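Given below, in the form of structure tokens, are the structures.
After this come two complexes, each holding subunit A, first together with subunit B and then together with subunit C.
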Partner chain A sequence: MRAYKSLFKIRFINTLQYRTAAFAGILTQFAFGLLYILLFRAFYAQGNVPENFTIDQMTSYIWLQQIFFVLFYMVDKNPLMINQIEQGNICYEMVRPMNLYGNWFCTLYAERISKTALRFVPVLILAIILPGGFGLGAPASALNFLLFLVNLIIGSLLIISINIIAYCLMFHTMSSIGIFSIIATLGALFNGSMIPLPLTPTWFQALVNFLPFRYVNDLTFQTYVSSIPLIDSLLQTGIQVAWLLFFVLVGNLWLKRNLKKVEVQGG
Partner chain B sequence: MLYFKYFKMNLKKIAQYRLSLLLSLIAQTLTASMALLTIYFLFDRFKIVQGWTFQQVSLSYAVVYLCFSFTECFFRGIDHFALLVKTGQLDGFLVKPRGVLTQALSCEVEFSKLGRILVGIVVLIYSCYIQPFVWTPLKITVLLLMLICGVVMFLALFLIGASVSIFTVEGIEAMNILTDGGRELCQYPVNIYGKFVQNLFTYIIPFACFNYLPMMFIFDMPNVTLFGNILAPLYGMLFFIPAYLLFRFALKKYTSTGS
Partner chain C sequence: MIEVKNLTKEFKISKKQKGFLGSVKGLFKREHTIKRALDNVSFTINDGDIVGYLGPNGAGKSTTIKIMCGILTPTSGECTINNMIPWKDRVTFVKDIGVVFGQRSQLWWDVPVIDSFYLLKDIYKIPEDVFKSQLEILTKQLDLADIINVPLRQLSLGQKMKCELAGSLLHRPKILFLDEPTIGLDATSKLKVREFIKQINKELGITVILTTHDMNDIEALTNKIIIIGKGQLLFNGSFDEIKHKYKNYRTIEIEFEKEYDEIKLDGFEFIKKEGRIQTFKTAKKDFKIADFVVELSKKYKVIDVQVESISLEEIISKMFEELGV
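== the complex of A and B ==
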């Protein structure tokens, strides 16, 4: 456990160095947040607004998406890990007295948390102080907020476990280029990053309930703005945990199988 | 021409990784169709936005998607200009008897983005096909002008990014707000975002010139004028001039990083 803790710390501090990138990220998130809100407001002005997703709920949903953008974006391309798989440096990892799954999980998690820590406060402040109904609203209730925090933590773990599945797939394609973008694109559609899920047709909402992606972030945001009843949020938190356990288990088994097949060529 | 020699070299390079190329093509087809699907979802619920229908918005989406992909695919080198500055590759360009811009434009052709262009063309043909009106020769000419204007606009934005990177060395990620943001913004006619955004992207960065201004003519909307709407793509291309001048100015001030 101590090894994981120090690994987490190293990665966390390492990523904290990229402050300029974080500043650009803050600007980007803020600009895109505004752009999407203006866009959806134009549509809302036509009427036919879904009753469980008002303009204020939509605005808060978009801001939460932007605030936690780096925490939840679909595929984190870690050059170090891609290099390990593509170049074969993975054999160095295999001689370490440390479970590779745990090692990867820690690395990816620390980097995400650190990137989020650098960015989320400024975007949050900007989103709160925006006037005229353009800003982030308060959570629907104290209970909603508590459950939101729970969903946020489980969701951030879930995205890492899905990421590791992507890296497991990479053992078979040997290149990160295509496979990562396919997962990223499908994920972005099914988790509400391209369009808030409450605005999609009913059949589509039914479909995404059976996929893991919306439990990463959409559930978290919908809990906050209370566009689904609290009891449903609670039930879906159960599904969220089930997906997390499923992916951790599959990822562990798959990685073990892949590692058995790694052939070291020497040199 | 030099550009085509580089072009062939880049083609041979990418052909080495076929599976990866294939997967990239699939991914890009997905991206394009998913974006169109989200537009469809919104219109499925709201029917119309500020007087624009799904058919009309699909055209603005197709145009911006094709223009951006084209620029990104064939002129990738200018997008990666910061890298040339950082690694000192630019010094090599400066001593060769060719224009820096020609070399930068041709040094990298991103064929994995070729899929996007193909998809963009398919989407454009589809969206032209679903329009309820008849395409007259003048409308087709305006559409072609819109496409050229879009490519020139994005190229100009990449040039501005390149000029800035000469001074800052590190690539300016914030420039992506203009390029990627512009692509997102122009999926819809820019006047739906309200007066402020509309004016910003008509008079400062003229995205509207290949977007809603000429589209108003194509869709036979009221109050269309020859100079205000039909010729708008031609004004838009003028944006390239200040961008190019800035680039020339930046190159004059260039001091190598020494690495």
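== the complex of A and C ==
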């Protein structure tokens, strides 16, 4: 466990160095948040108000999306890991007495948490102080907030476990380009990053319930704004945990199988 | 003790066809060729040996090392190291080995070297006191004090190699694998690295297996060499054995008083002529320089004769030639 802790620490501290990128990120997130809210407000103004998703809920949903953008974005292209697979540096990972899955999970998680830590507070503050119904509202209830925190943590682990599946696929394609683009697009569509899921047609909402993507972030945000009943949120948290376990198990087995068959040619 | 028996490794390589049409065809049907990187290789290495593993580019050196490190699974054959099978007991096995691949880096690129070392300490579960003393020894022997706090990416190639070596030895491995450890290093760094390898072998009894293209590495370090070519074992024995076998190979450079045409000498092979200087090669067993000069002076006016033994580099390339690789 100590090794994972150290690895987490070293990656966390290292990512904190990139302050300019974080600052640019903060501005982007703030601008995008405002734009999205203005856009969807226009639909609401036309009288198309959906049931169970008021304008205030929508506004909070969008802000949460922007605040936790780096925690939940679909693909995390880690140059170190891509290099390990494409260039064969995985050699060195294999001569260490350490589980590679744990090693990767730790690295990816540390970098995400680090990036989030740098950005989420400024965006959060900006979102709270915005006046005139444009800002982030309070959680629906204390219970909603508690469950939101649980969903947030499980969701952040779930996205890492999905990312590792992408890296496992990379062993077969030897290129990072295609896989990551596909996952990024499908993910953004099915997890509500493009259009908040409560604003999508009923059949679509039914469909995404069967896919893993919305359990990464949409569930978390809907729990906060209480656009689904608390009891449903609780039940879906169970599904969220099941997806996490599923992807961790599949990732572990797949990586193990890949390592058995891995070929590293040349000096 | 390392025992390798009938080790064979095959790679599947997909063939790319030429041109645009070929590429389109390749989308639907891939052709594969099987490349045999290792073919029935067997050898034994004893504890405390320094073994040089030689062969031309693409002979299968790195493949063997990677199998012995547990990275690759062989197609067939056996390999037992300290009673373990590397690729089966990988996680347990790698605790006892250190590995340096000259062209790759095991330390973290963007953090100070010392941070990488501390991370390795936790990964290998090295006790605090062992780590401290080992770090102190390595810092001293490799002269690392000034560079240990600098991020790896800012170090020169020679400094990097020294750090890599230190990193591979922190956990006091019993076996050290070095894949081209002196590649790209300048003369001074090479000497330092060699000296260090010798020292750890002697003082700590670490078995060292190294591949290199630098014959001086071999000459300075190893007591045993294994040569492979085209995936097959060609030679396995002591360095002296090879030297002895080729000790009669000599190059002779003769400077005459005036320019002669190509001279024909019995048992000597003419190599080249540059003005008054002519060069020959011989493998004569009973070559005696004094007799040779006397004999030569009877016919020609000789100013100077220089005799050189064949260099190791030439020996190895001669062996490759004879063995047909």
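As a convention for this text, the second predicted complex is superposed on the first by the 266 of 267 C-alpha atoms of A that agree within 3 Å, B and C clash if a C-alpha of one lies under 4 Å from a C-alpha of the other, contacts with A are read in each partner's own complex, and residues count from 1 in each chain.
Please note the rule applied: contacts are C-beta pairs under 8 Å (C-beta built on N, C-alpha and C of every residue); 3 or more make two chains touch, one makes a residue touch a chain.
Since the model is a prediction, treat every value here as computed from it, not as a measurement.
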Task: Touching partner for A:Val95 - first (subunit B), second (subunit C), both, neither - done: second
Open item on the list: Per the contact definition in the header, classify A:Asn14: touching subunit B only (first), subunit C only (second), both, or neither.
Closed with: second
Task: Larger contact residue set on subunit A - subunit B or subunit C - done: B
TODO: Considering only touches as defined above, state whether A:Ile125 meets subunit B (first), subunit C (second), both or neither.
DONE: neither
Task: Contacts of A:Leu186 with subunit B and subunit C, given as first, second, both or neither - done: first
Task: Complex contacts: residues of subunit A adjacent to subunit C - done: 2-3, 5-7, 10, 14, 80, 87-89, 91-92, 94-99, 260-267
Task: subunit B to subunit A touching residues, read off their complex - done: 17, 19-28, 30-31, 34-35, 37-38, 41-42, 44-50, 112, 170, 172-174, 176-177, 181, 184-185, 188, 192-194, 197
- [ ] Give every residue of subunit C touching subunit A within the complex, in rising order.
- [x] 11, 37, 62-63, 66, 69-73, 87, 90-92, 94-95, 97, 99, 101-106, 108-111, 115, 118-119, 122-125, 179-180
Task: In the complex, subunit A residues that touch subunit B - done: 20-21, 23-25, 27-28, 31-32, 35, 38-39, 42-48, 50, 173-175, 177-179, 181-182, 185-186, 188-189, 194-195, 199-201, 204
